[in-house]
Amino acid sequence: MSEKREDGYRDKLRNLQIELVRLQRHLIESGEKLLIVLEGRDGAGKDGSIKAILEHMSPRESRTVALGKPSDREQGQWYFQRYVAHLPAAGEFVLFNRSWYNRAGVERVMGFCSRDECERFLDDVPVFEEMLINSGVRLFKYYLDIDKAEQKRRLDARRNDPLKQWKISPIDEAALRHWSDYSKARDVMLSRTSTKLAPWTVVSANDKKAARLNLIHDLLSRMNYRQKGRAVRPAPDRKVVFPFTAKALKNGQLAK
Amino acid sequence: MSEKREDGYRDKLRNLQIELVRLQRHLIESGEKLLIVLEGRDGAGKDGSIKAILEHMSPRESRTVALGKPSDREQGQWYFQRYVAHLPAAGEFVLFNRSWYNRAGVERVMGFCSRDECERFLDDVPVFEEMLINSGVRLFKYYLDIDKAEQKRRLDARRNDPLKQWKISPIDEAALRHWSDYSKARDVMLSRTSTKLAPWTVVSANDKKAARLNLIHDLLSRMNYRQKGRAVRPAPDRKVVFPFTAKALKNGQLAK
Amino acid sequence: MSEKREDGYRDKLRNLQIELVRLQRHLIESGEKLLIVLEGRDGAGKDGSIKAILEHMSPRESRTVALGKPSDREQGQWYFQRYVAHLPAAGEFVLFNRSWYNRAGVERVMGFCSRDECERFLDDVPVFEEMLINSGVRLFKYYLDIDKAEQKRRLDARRNDPLKQWKISPIDEAALRHWSDYSKARDVMLSRTSTKLAPWTVVSANDKKAARLNLIHDLLSRMNYRQKGRAVRPAPDRKVVFPFTAKALKNGQLAK
Amino acid sequence: MSEKREDGYRDKLRNLQIELVRLQRHLIESGEKLLIVLEGRDGAGKDGSIKAILEHMSPRESRTVALGKPSDREQGQWYFQRYVAHLPAAGEFVLFNRSWYNRAGVERVMGFCSRDECERFLDDVPVFEEMLINSGVRLFKYYLDIDKAEQKRRLDARRNDPLKQWKISPIDEAALRHWSDYSKARDVMLSRTSTKLAPWTVVSANDKKAARLNLIHDLLSRMNYRQKGRAVRPAPDRKVVFPFTAKALKNGQLAK
């Protein structure tokens, strides 16, 4: 990041990262399991958010999971099976960079799964997640939301940024072309899989830094841990990070 | 097996094994996934039944899964996680020699899990199994039922059979002592986890050979496959192998 | 097996199986690791031998490993990697039904690897196996040797045996056609990978039962364990099971 | 990092990171496998170096491996087995944050392995690594070397840095107390496992930034890839990063 004006971003982030370290100590001591699911369109800022979260955490007790395409064998398995293998064990802090929700997003839009498979997935998810939560997994689901102009800007920037060349894939190319299909898929996904036990939290991510700070802030505010500090007060900015509701959808709080 | 009178057992078994080979060819061609869960007290005949089933099947597409004690790390994971790793992929025929139902049996009786964990397990199982079934897994659950005198006879025989020494474990020793606890645990397990989609089938297993023949027969009778042959007609003996129902329980069809 | 004349086979096998159970108890107590590599042409009797060995052993401490074709990802890995994952841990008894030696056999004959890859493999094997052995793995390598007429008889029988249909594959079909290529590949493999630390033992396998009995006998005779019994005396029949040597090759002790 | 004077560090790093992205594209296209082993005392800067290397690389094709203590089961396996599972597949870029060399370092110094096990390890390593290299793995081994005063400074700083609390472990506490044991262990390790095929490269790491820049520079200078750019010329600073040799040891180029 070679941003010019920092607006105190680095300091604020640092304070939140200190809290994340405290949270991690708590997880290790208590054996609690934490799973963060991060979704969002191409360019929404998932990689950057993950780096901000993990920057100072213990590499042995934290990990990020970014699964590639399923192999032939995996394609014949229970859909959730390959994700289950990466769930957090006691004390672990795991981030899914995209997740089982692929089925409700890219797979649905690009036709990689059948209509039936997508429907079954949407039915299964609340049940599956409830089981995980009841077994002691703390599950947080964040959707990073950007608008069309911002996505275009970022995908264009990738093409010119020699550090981001690897991010360009044929599927990304389709992201803009299928903008409204992805919007619809997002609305269906959020509506059907935001449950009381496992609600979605939307993060307005046009402003990358505000998005990161508020996402971390929100996460910390939902957890109890020793020495929870001032950085977690006051509350996160609810214009940036807010619970998904049918009303939020109707009010146009998500990018069209 | 050095049985003297064979009563045509070998011939009958051979005919059923030919059918199993046909079933397997069907699974491989269609990509169907088959999972058999085999439960029963110590000495009920699980190992022998599995050998009879697998004797002539392809070692590459069939396997038996007998998980040992969970490791420390596994103990801190979602309870089903280590079992999920062994679910059948497309075309596979998998036998679980004991299974997730450990939690409702040995773990409950011997106090290896808390009351709460056991309750949650009994609540979760129907939901979990429904998901597997909806995803295309053909699931069959067999409970091998023996009576107390027969269990005693078999555990005694183990002690004198140099080929079965390895089967003797301290937990087995407890099997007889805890006979009625295991009976109660069995009744609760069958009652709460026998669902329409994933019913339990009870196999009266005091007569080993009849049990094996009828279990295989029952399994075959529930599957469709090409060249399904005469061995599968007439129906299996419903006195030996029958669906679990509350009535069967009340009528004393299970060993007390 | 519905053989008529048993020649005491069952009794002899039973006595050896009792010894195998004793051997296993020893492994579990001592933590020794045992690995058996079983090679031989199609129809040589590998599956049957494995069944005879494992019939009465503990399913939790013994297993057979029969890997299928490598996946795309595996094909890009270190050749030994996918086999290493299945090596025995402390106390375990593992049987490889075919093994890394695929590269010197079917892969070489059918052209699934390059000449270079095969050469490197032949160079690497002694070094790799020495490392395993030095780390405490007890490694035994058996080559089941049948002659051409016997192979033809068995492959023909498969076609007519409804229990063995699954064994028929296009590659098997090639087994007879490539008889002499396989002979040459076998000679090269045995010559270059039979080392002092990890010698090959050849088993003349035209007579299935004699082969099984002598293979197990030979294995037992090489191990020390408590209560080692009479079944292991006298020595195995050295006409059936004998160490591979250049001389044995020259003398025509292996099928041409 | 909140360093005041940057000395162009960020710009230099950025230029090298652009090269790393090019290198990664080359790996993916060619299917080459790259493995970096990073060793060094506590506080030597392994975590920071890895972050600098991976900051802009594709999370799907790069990963860092930091194995914890072996489980009971792993402790009974072939020593290299658990590491083998994480070797790079075709096109992958893998960083080992500590590695099999634990046996020659912390395990030896703290007495977690026997003298014999350590000796065998030192004998096995060159053979094991040669096999990997011959199979197409590009292996680079870097030892980050700091002096005693610098280690003390960094371990003290950890105690006061709320972001580094998790790094403090009882074993770290022993790092300074066992300074000279670790020095001796390092000298033996480097002397016996620096081979022609798999030489060690020492990185003088008292200056973190210079260490990172020169390590990356050195790595890039050893690889061929398309569009290799100016950042890789001129040569890395050989006072900071230099091949391990007996002479370098005698000349006191490593911290005493």
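First chain written, first letter: the chains are A, B, C and D, and each begins at residue 1.
Heads up, the rule we're going with is that contacts are C-beta pairs under 8 Å (C-beta built on N, C-alpha and C of every residue); 3 or more make two chains touch, one makes a residue touch a chain.
No experiment lies behind these values; they were computed from the predicted model shown.
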Contact-pair count is greater, between B-D and A-D, for A-D
Max Cα-centre separation from subunit C goes to chain A
Taking shared numbers over all numbers used, above half giving same and below half different, the subunit B and subunit C interface sides are same
Whole-Å distance, C-alpha centre of subunit A to that of subunit B, is 41
Cα centroid separation, subunit A vs subunit D, in Å, comes to 31
Note: subunit D sits from subunit B at a C-alpha centroid distance in Å of 50
Contacts with two or more other chains occur in subunit A at residues 73
In their shared complex, subunit C is touched by residues of subunit A numbered 71-73
Counting only contacts in the complex, subunit D reaches subunit C at residues 31, 33, 73-81, 84-85, 87-91, 120, 124, 127-128, 130-132, 134-135, 137
So, in the complex, the side of subunit A touching subunit D is made of residues 2, 10, 14, 17-18, 21-22, 24-25, 47, 51, 55-61, 64, 66, 68, 97, 162-167
